[in-house]
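Each chain carries a letter (A, B, C, D and E) given by its place in the written order, and its residues are counted from 1.
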Amino acid sequence: MDSFRSRIIPVTTILAGVVVLWYVFAVILNAPFQRDLDQRANETPGTVEFIGKTLSQPKPTLPAPHQVAVNFFENTFLRSVTSNRSLVYNAWVTLSSTLLGFAFGTALGIVIAVGIVHVTTLDRSLMPWIIASQTIPILAVAPMIIVVLAAVGITGLIPKALISTYLSFFPVAVGMVKGLRSPEIMHLDLMHTYNASRSQTFWKLRVPASVPFLFTSMKVAVAASLVGAIVGELPTGAVAGIGAKLLSGAYYSQTIDIWSALVAGSVVAALLVMVVGIAGRLVDRAMGGRPA
Amino acid sequence: MTWLKPSWQAVLAILFCLVALALGAMSKPEAAALAQPTATTIYPYMGTKGLILGLLLIAALVSAVRLAPVVEAAVLFIGAHIAAWLLIKGIAGFEGTALAPYFLALAAAWLLAWRCVALLSSLRPAANGAKTALRLIIPAIFGAWILIIWEAVTRGAGIPFILLPPPSAIGARIANSLPILGSDVRQTIFKAVLIGYIVGNLAGFVVAILADRVPFLRRGLLPIGNMVSALPIIGVAPIMVMWFGFDWPSKAAVVIIMTFFPMLVNTVAGLAASGHMERDLMRTYASGYWPTLLKLRLPAAMPFIFNALKINSTLALIGAIVAEFFGTPVVGMGFRISTEVGRMNIDMVWAEIAVAALAGSVFYGVVALVERAVTFWHPSVRGG
Amino acid sequence: ADKVTLQLKWVTQAQFAGYYVAKAKGFYDAEGLDVDIKPGGPDIAPEQVIAGGGADVIVDWMGGALAAREKGVPLVNIAQPFKKAGMELVCPKDGPIKTEADFKGHTLGVWFFGNEYPFYAWMNKLGLKTEGGPDGVTVLKQSFDVQPLIQKQADCISVMTYNEYWQLIDAGYKPEQLTVFNYSAMGNDLLEDGLYALEDKLKDPAFEDKMVRFVRASMKGWKYAVDNSDEAAGIVMDNGGQDENHQKRMMGEVAKLIDNADGKLDPATYERTAKALLDQKIIAKEPSGAYTTAITDKAIK
Amino acid sequence: MSGQSPAVVSASKLGLTFQTSDGPVQALSNVDLTIGKGEFVSFIGPSGCGKTTLLRVIADLEKPTSGAISVNGISPEQAREKRAYGYVFQAAALFPWRTIERNVALPLEIIGLSQAEQAERIKRTMELVNLSGFEKKYPWQLSGGMQQRASIARALAFDADLLLMDEPFGALDEIVRDHLNEQLLSLWGRTNKTICFVTHSIPEAVYLSTRIVVMSPRPGRVTDVIESTLPRRRPLDIRETPEFLAIAARVRDGLRAGHSYED
Amino acid sequence: MSGQSPAVVSASKLGLTFQTSDGPVQALSNVDLTIGKGEFVSFIGPSGCGKTTLLRVIADLEKPTSGAISVNGISPEQAREKRAYGYVFQAAALFPWRTIERNVALPLEIIGLSQAEQAERIKRTMELVNLSGFEKKYPWQLSGGMQQRASIARALAFDADLLLMDEPFGALDEIVRDHLNEQLLSLWGRTNKTICFVTHSIPEAVYLSTRIVVMSPRPGRVTDVIESTLPRRRPLDIRETPEFLAIAARVRDGLRAGHSYED
């Protein structure tokens, strides 16, 4: 647990720094509106009182950390986890489509990478179109996808997960193309001398050699997946999920709600990235990874 | 049997043509005409039905004969594309009336084109010019077929224009809206994307180096880096508009946030990628942190860093466009997309998407070229 | 029971209280209907949903519906619950804009996504250019909220009487501190929330009958909602609405737009809307058959 | 030469030129060579003369740019596809994610041997190269010489009829080297394998080979082919016989002649 | 030993145990050693006996787990920071993204030499290892021996007072090896450098060294230290003198004694 402590101290220090900065910015950003407000109400508060007011607006430009914390705490711990006002519930809704989309996306990314590395036709023809596909702004096509899927009777988790898939397969595909091509040329020659089949070379050489690229890409992909899940929640009527919270918050200018949903999203993201990181380290260890 | 070498694509194509022939009418008007032979209704493919199917059959059969690959590819190319052109041309005026044989013929043509691409990519021409030509032709045929199928299906099945317009309509729209598209590209790509991309990548890179340099920051910054950068764009975009105004700086800020994380993660991974013996070598020179970084660890990290640059090249584009959904001046690709959806000008939406795809591909291509030049030594570039 | 899917134009809020009330109070059941209400959102174009077969009837603004009709989605207005428009442009009194004459050279927040037509029609009428510069106005695509005004990024912003206006009040503005340009009051309004269905489906008598029953029950819902606005707001909350207080206020304001809850389209307003759209080249030719009074005539006797 | 046995390797006018960004490098030129079944041929020559390149051409890892070559009467590619040879690279080329044992098992997995057979062969070859006890270590936990021995074990476990060995004993001390030389000779005597062996040690070449090919650099040519007159069975102390020393002297002369040092 | 000159390396009771997942590996145990200024010490011993590990401990690339060691009277770490030594690794360790020339320049860039000085040193050392003409090639375009020579050139260009060389000439043919042996000796004679040299070749060790350290494996111990009685100036043909052969025989005996082969 020593490593745990050696981790906790830096994280808390930096977090504390962030919080202090955050307060400073909260005062600066909320001040103009507070001034207008006071002016309209013909009040002239003292500096301390003024700062206090900037940190307690109901719909601040930048909510103060304690406002977010209180909101976050209430919506996380004081609500039953099945209530649709509970952040835990909303986070879970988002998480489920994130995970499904991430699984699809990783699988699809790997399949595409395998195809590109092994089939010349695909190498030559597919990559430009995959790139093109990624530049299609997802928020623009998401509604159409959802409409089309709904028309063929697919609703619920799958459409959202598909948008996650769309965003997450690309990092994996790009990384894995690189990774699968990264074995030493001498190692490839060795497999060549054994007349190893493509699949043998793939499983015994290319896959292990690509592991560092795989896990790095998966970290990016899981974050992208989460973004996709949140984006996908909007056109489904934004009934539940972190995206729905963000939207309804934005719609009513409830900045505190937005920020606590953002914090929830970030926490989920950080956890997901950490899990992928840990999985990566476990795999590395199982592969006899040499300590740095 | 040595003169015969049927490919599975050709066999399937022949099969599809035969089934299409057996099923009869290609479109509803034709079916109606067949049912009432006395009436003189005009229906699609009156004169060309035999031509289309015949062309496909002949091309498929010829391709099954052992020929020089170039000749075979040429036959397939011509057969598949003329047939496709006739199919699409014929349905004009009768949108939405296509029946199964229409789609079978389309599938057959597509299979032949596939065979053609497979043949072309197996060619190993000696001349450099031919090599470059092939590099361009192959993805072009592949892409052309995405468009052909799209065009044929939207018209054949009569998909409503406001759900998915055919590519021809999108093309026409692009041609007619060049000034608007130009100003949108200037606003979104040359301002928000480029600046955001550069700053975001730099920021991710610098934070990765900082985290690498200072162990304290590594433990503190990385987890927070993980949190900040997965921030969902929908949540961040309105806040950025609030902070940086509604013009392009807020979009650039969104792009920065989106591109930061991939760069951070990849740089951190890349910095761990240098070999032990090489690091030991630098130690024997008592090389300081920065020389080691510059001369060993960064070059070794380049494959990872370019990974991030590639992923970010498309991510930046998505980010900037999506960020424009949230409050912008009345110019920009994202603005245009969201507005024209509301006006049911879906062809304009797709025109912007096409421009975005083109810009993104060029962007990615440039990054990939630089990558080849910088990581020429990496096995993935040297061969393998 | 017959299934009907209704696609709303926006997220669940009192703007659509009538439908939620009709469902909750069993008015639909009474007509033998099983109605599925799908909330919308910033990225949902109900016209696309209905064209894709995802809905039987949609709530839409006339501008969007007529534009879609020209693009090959034959939408027909079957009822018009909202008689007046709720959109207005508000400017703080301490800002530079007091009257229409002050617009020149200033920045105005406008909603797009098909909601911009009334604004452009108005500017057209005033003879103001919308490309910025000292002689025109600078247009800002306004997002969900009223932030552009609070942040002073715009000099005036668009609000709905029933929604964003109250957010401004919540943000500390007093009604007397705001200059309001109401589109209805100025006679520049275009028809807002109406019910639209596809023309070819309406040719089917069974479907038409279903719509008659649907409109009848919906309007009953609206009437009930107008009469019991707090209860209606509660029903909206039960269906996913946010901020109860806000919904109550919204219900009160929406009630003012509903008028007598007969859902009948006023042909004069229709003509004016169509003409404004034509003038602005949002549609190219005079629409025909874009509305029918048959449904409301049968539904509301 | 050795016309009595069928040719395992037969090259004529073989040439190979590498295209590099600053001009072509001619690595092999006009190489004529026939190696019969059961021969033990050593290749010796100054650093950079093309020994590795020649072995790689035989192994179908490099395509010649001129001339012809056949392996077992078929093209190198076909021979490779028939798993005609085992190759020991100049560097160990172990997979860092596999233990030593699993590295040795790699070719056995690829040809699809049963677990039991694999285990048996691993045990045997690991003993042969004296690495027992290090089965579960990863390559980076081994010394340079141990890694090289692991790669020899891997090639021997593969058990092909033609062995291509590129300086297999370069990083080994004299005693281990002598031991492995003996083991290799006895294996060769027992099995009638054909062995192509690159070395820098003249005594090693003379001790092991039936024929010694001396090469000279840039462009890599065969300058001398020396038939050994030593008997097939060779005790270690044959290396002190005058006959041995005479052959060694001839090889040394051939080597010196092709060398570019003036001093 | 060699008590007259100040100690460059001095180790006492040095031990190093690697912790691996399947138990500890004792690589060095109880090593006592003093190397004086200007000495040329060769380390010889069976593969895996700890030669590389010992060199790495001197170079501060590995920390001993017991005993004490000093380099130039200070800790290895301080000595390393003072750039007290140049190291030739057992493998070439060239950077693939640098040409041979730039690889040789690497240490020179790090110590901040002027361009002109760099160019001069590169030219000189490239000539010394006979790689002129290959300056602009990348490592993978070189043969194994050429890569090793490039890495020698890199260490020589660094020009430290203490040279740690781990089997530098392993992949080189006899003639090049003789040439480089001579060059190394003459460099050593000229500059009074201290050289620690790992080799597997007994003649090479005897020819070059003032002292030969014989090691035995698991745990790596020093079993014999043989002082050379040969003069400092040594022509190549000194290798045929009886004195030379006598020392060689002693080394061979020491080596065999420490060896684990029973045969």
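In this section, a residue touches a chain if its C-beta (ideal position, glycine included) is under 8 Å from a C-beta of that chain, and two chains touch if they have at least 3 such contacts.
What you are looking at is a predicted structure, and each value in this text was computed from that prediction instead of being measured.
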Exercise for the section: Could you tell me which chains make contact with subunit C and subunit E both? Expected result: B
Exercise for the section: Specify the chain most distant from subunit D by Cα centroid. Expected result: C
Completion exercise
When A-B and A-C are ranked by contacting C-beta pairs, first place goes to A-B
Handout entry: Distance-maximising chain from subunit E - centres being C-alpha averages
Key = C
Completion exercise
Distance between the CA centroids of subunit A and subunit D (whole Å) is 54
Exercise for the section: Take the average of all CA coordinates in subunit B, do the same for subunit C, and state the distance between these two points in whole angstrom. Expected result: 38
Practice task
List the centre-to-centre spacing of subunit B and subunit E in whole Å, with centres computed as mean CA coordinates.
Solution key: 56
Exercise for the section: Pull out every residue in subunit D that's touching 2 or more other chains. Expected result: 91, 140
Completion exercise
Going by residue number, subunit B touches two or more other chains at 163, 238, 242, 276, 325, 338, 341, 378, 382
Fill in the blank from the handout: Within subunit A, the set of residues that touch 2 or more other chains is 61, 139, 143-144, 147-148, 184-185, 234, 247, 250, 290
Practice task
For this structure, give each pair of chains that are touching.
Solution key: A-B, A-C, A-D, B-C, B-E, D-E
Handout entry: subunit B contact footprint on subunit A (complex, rising order)
Key = 6-7, 9-11, 13-15, 18, 29, 61-62, 120-121, 123-129, 131-141, 143-144, 147-148, 170-171, 174-175, 178, 181-185, 188, 212-213, 215-217, 219-220, 223-224, 226-227, 230-231, 234, 242-243, 246-247, 250, 258, 261-262, 265-267, 269-270, 272-274, 290, 292
Completion exercise
The subunit A residues in contact with subunit C across the complex are 32-33, 36-37, 40-41, 58-59, 61, 84, 139, 142-144, 147-148, 150-151, 234-235, 237-239, 247-248, 250-254
Completion exercise
As the complex stands, subunit B meets subunit C at residues 160-163, 238, 241-242, 245-246, 324-330, 335, 338-339, 341-346
Problem - Contacting residues of subunit E [partner subunit D, same complex] - result: 18, 20-22, 25, 44-49, 51-53, 90-91, 130, 136-137, 141-146, 149, 166-167, 170-177, 179, 200-202, 252, 255-256, 259-261, 263
Completion exercise
Per the touch rule, the subunit B residues reaching subunit E in their complex are 275, 277-278, 280-287, 291, 295-296, 299, 375-378, 382
